[in-house]
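Naming follows writing order (A, B, C and D), and every chain is counted from residue 1.
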Amino acid sequence: MIQGIFTPNLIPFRADGAIHETELRRMIHWLIDKGVGGLYPNGSTGEFIRLNFEERKRVIRIIAEENRGRVPILAGAAEANINEILEAAALYAELGCVAISLTGPYYFKVSQESVEEYFREIARRSPIDILLYNIPQFANEISLPVVERLARDCPRIVGIKDSSRDFPRLVATLHKLKAIRPEFTVLTGTEEILLPSLLMGADGGTIATSGVVPEVVMKLYREFKAGNLAEAKRIQFKLLDLIEAMFAGPIFPEGFRAAASLRGFEMGHSRQPISSKEKADLSGLRGHIACILAECGFGEAAGACIRPLAAAATGGHGRVDVDRIVRDVMARVARPGA
Amino acid sequence: MIQGIFTPNLIPFRADGAIHETELRRMIHWLIDKGVGGLYPNGSTGEFIRLNFEERKRVIRIIAEENRGRVPILAGAAEANINEILEAAALYAELGCVAISLTGPYYFKVSQESVEEYFREIARRSPIDILLYNIPQFANEISLPVVERLARDCPRIVGIKDSSRDFPRLVATLHKLKAIRPEFTVLTGTEEILLPSLLMGADGGTIATSGVVPEVVMKLYREFKAGNLAEAKRIQFKLLDLIEAMFAGPIFPEGFRAAASLRGFEMGHSRQPISSKEKADLSGLRGHIACILAECGFGEAAGACIRPLAAAATGGHGRVDVDRIVRDVMARVARPGA
Amino acid sequence: MIQGIFTPNLIPFRADGAIHETELRRMIHWLIDKGVGGLYPNGSTGEFIRLNFEERKRVIRIIAEENRGRVPILAGAAEANINEILEAAALYAELGCVAISLTGPYYFKVSQESVEEYFREIARRSPIDILLYNIPQFANEISLPVVERLARDCPRIVGIKDSSRDFPRLVATLHKLKAIRPEFTVLTGTEEILLPSLLMGADGGTIATSGVVPEVVMKLYREFKAGNLAEAKRIQFKLLDLIEAMFAGPIFPEGFRAAASLRGFEMGHSRQPISSKEKADLSGLRGHIACILAECGFGEAAGACIRPLAAAATGGHGRVDVDRIVRDVMARVARPGA
Amino acid sequence: MIQGIFTPNLIPFRADGAIHETELRRMIHWLIDKGVGGLYPNGSTGEFIRLNFEERKRVIRIIAEENRGRVPILAGAAEANINEILEAAALYAELGCVAISLTGPYYFKVSQESVEEYFREIARRSPIDILLYNIPQFANEISLPVVERLARDCPRIVGIKDSSRDFPRLVATLHKLKAIRPEFTVLTGTEEILLPSLLMGADGGTIATSGVVPEVVMKLYREFKAGNLAEAKRIQFKLLDLIEAMFAGPIFPEGFRAAASLRGFEMGHSRQPISSKEKADLSGLRGHIACILAECGFGEAAGACIRPLAAAATGGHGRVDVDRIVRDVMARVARPGA
């Protein structure tokens, strides 16, 4: 059964935009050394949509090679059509992955009946177990009644990872699915509510923050398993500022990539260009994240801790506080020597 | 400090559409006898928008009279403009309510800056404490940065009731607001996640289900307070089917009103007309709710327990399963004597 | 049959927040003198939701008195429940209004079946004709299949005013409704597409801009009626900048109210408070609107024409261009003597 | 300058799911014979997202080969990242396409600043002209201020195709962009409002219906160009039923593909599986479309004209009318011999 904390793998890029393979290998070793429960490449955090099919297959191959069977690998396989999903599935099975993870179809809106039929057909033909990946922000929702019917009929579908941020839905999923198939895995993909999800019965999570501070997220999980609710809760709340800062990046997952660079990895630039103003914002945000990391005891980030003007102005929320900018500019101007 | 379980008051109507005052009084007594922590009239569950201003004031007066100071009353006061809100506030203060509850402005979309200024002006002039009521489904959102600034600057604003169903936001609210003002009340209005909200530090909730099965909701709350997490969790999950069924009504809060009628109250018909098909659905739903109530030990509902065709076809989710309807119709037709 | 250009009436307020009745009367005279085709009080532009029931009835009474039967009055009657709608309908019929206009129910989301039943019940009991008012931004949508069924069955329902901004829907409405009931009125409430709506067969519009520059909007309409498409098109495009500026106000309909004040009416302040920053924005916007009005030949606005810093920074779109603000502030600071 | 009616190319599939190349070639000849103004492969109608990169390049190559320079080809090139877009652009330039068409990035939500930077970088490096493709239903919006700035700064960006269905936005686009660059192409992608778009100044459209009834759409366009407004309007309204029926398919663009099959093309099955109920719906819809085509004078479709139960029940809107299904089933059952 799939359970515990899976780390969605960030992708380091080289200056020429290619995947930085040696750095990716180094990150895998580091994560496994730090004790993460599993690896989850080619998800949203892994920017699967900005890679091509060959690159996505290459990522899984690299990770499988470096892992050498130590932790389970959940491989994102949301390709453009069923034939390519099945091609990916065959390869990932061969490479020893524990399951593939599949979003609903994306780009076009399709009916829930078509979503259901899509998963039924894949489940009939897949050589490897499937984890449904519900992320209605980016892809067609996989509604709970559809999940129920798939779980009843398709042994290949072994669980769901829910990144909808909809906690009432997660609780309803646990209520309904565990009654049908107690071994059906329910993972949360919402970092901010990992602990309450576990408390209500979730089997674990795919938690991008565990790619940045695996020490802290794994401690939260161990405290939960040990029944130390108060300590687990303290850690969950402590993580919120870091999570908020990482999500405040101009585009996802740049905040997470900035944080990884502060842990010593060469992450490179995103394939999605950002404006010069957004670059400045991101630089400011990086300084802010460094402060949080340093406060958490990660000394390697301390040197980068700085709160520049623009980051301060957004109050860490990504919303621009114009009054504050103008006040700040005016204050600087008013200062002698400015 | 405002805390515990507040019951959003349902409104019984007479056959002529007027408020059924004697039945309302009887419900108040019953709820207080059953131990609810407080009363919350003129919220969404109380259909404030379908009453007129005189009726809303009358509701508070009746409830205050019947309560005789036994439990705190949180009075909804979301009137159409600030002058009328302040008129309501003055009356509700005089009647001994503990605070008023205020949604953001509704109908027009307004900026968060205007939402903030709206609450600032009311807070400056109100003779009674104010609980912010965040329900972005129906009224302008009160964003978390706005809540933070209001909490810092406005002593009259003493808390927030969050009905957004957004649990990451509730957790962030607890994280930020308790750091600024530890006594600032944070209540959830999302029934399905009462327990995890309490576990993460919420002070209580406005829980419409407590108007139907106050015995069960108050037991959940007592078990939580006593540290019996497993038992509290068992009750929370047990409540989910009932909550789902009550929300499946054709219009809100008809499912809750149907459930209240099964506990013995004369609720009458909604002021919002529904179609004859929806009336049939509601009748079927009432039979389904009766079964759940009977299973929970409320014998008075047992006689009404029935699962009619239409209710079954929605699978309790409010979504119509056409295949099933057609199959059912065909099956009936195929039966000899049909 | 209801047709032509109806002016949604803006409400002038006195310093104490009361309706400024003498100014309202003066506006009515002015509009009728300028040749508007009809009056439309208590719509969204008339801020019906921020008035109370007594005030809404008072507005209709004043307008009926001043109109003295010269132009048709379409009276907004979207009260909180059916009994009050019918009370309003009886009064507005007695005052000689040509029809009432009704949005779908607001605040709660209700099913299309309930929306349909709501209008059926009102249509059965109303003493006056009804125009459906589709504005899904603020109230429950009235879907096209519902409009079709109501038009077939309810003689009291004589038309629809569509403010959804959804032109394919307006075209489909014309296609379907004119086939069922050729005399069924279809008005657009979307100012920017008045001309193409007329060209495709709409009977007219409720056009808030006609409350500010009735001369221009009525000329557009006359040119259209005379078959002068090129001239009508020139005017429609000319109006776009003014419309865009009026919608750019911090809250609706402050931009329209600012424009009316530039035509010489004492409009007072909104009942919805706005922040001091928004007040500054609105003041800048007023200067910008004054320039547009002056360019259109309305000399009375010329003196107020000014493009202040904040208005410039939004580029007239209501979106804040922070770079530009900072550059502007810096430029001012850099100037000697600043 | 890009203008006129471009046909978004549907993709015929073979039984094994591969692109049916001979049938695609046959369709291209037929379309050009019928006089369409241009071809538009690899758009949404061409299901680019369900093909892989090699297939998308193959589609353009086939179309360029068959076209032999007769009509302009606008080639969809919305690949997963900028390097692959540029690879496609180089090939499509070499193949003689007039421009590439590009949606905003899809899957992730990105800021408008990032959308702008994305197009700036592509425009700097592209060897071929670019048409922006605004389709906020499926990909990140390209907001009008962004379009304005790109048009000012990037000569490679020569126009926009707007499929947002937002006509006020299209009118604003014409107003602002034609003032900056009169030769900037503005095409509509919204079939139902082709004529009013042309009347307001649009340069043409990408009209999927022209892939099904090119005779009718081209006649509408010719009547418009000849100044025969009344006849153009009659055709536009006549097309509405067909368009509505084609959009009523269970998933896009199955309704359009069914209609093409009725014109004699072997279209095969979608790569996106649909449920058996949806297959039955589609079959019913095909019969309904056949009736409309036959009424339009396309005799080849007459034999397939039939209105089965399920299609009738949706009233052609894709919404299920359960009452009607049950009534129909009951009526059948009541008939002797059923």
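Simple rule for what comes next: a contact is a pair of C-beta atoms (placed from the backbone, for glycine too) under 8 Å apart; a residue touches a chain by one contact, two chains touch by 3 or more.
Keep in mind that this is a model prediction, so the values were computed, not measured.
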Where the centre means the average of the CA atoms, what chain is farthest from subunit B?
-> D
Tell me, please, which of C-D, A-D or B-C gives a repeat of the A-B interface, judged by over half of the contact pairs matching in residue number.
-> C-D
Inter-centroid spacing, subunit C versus subunit A (mean Cα positions, whole Å) = 46
Find the geometric centre of each of subunit C and subunit D from their Cα atoms only, then give the gap between the two centres in Å, rounded to an integer.
-> 35
Subunit C: positions in contact with at least two other chains | 277
Can you list the residues on subunit B that touch subunit C in the complex?
-> 17, 44, 49-53, 80-84, 105-111, 113-114, 116-118, 120-121, 137-139, 250-252, 271-275, 277-278
Residue ranges of subunit A touching subunit B (in the complex, touch as defined) | 144-145, 165-168, 171-172, 174-175, 190, 192-193, 195-196, 199-201, 229, 233, 236-237, 240, 244, 315, 317, 319
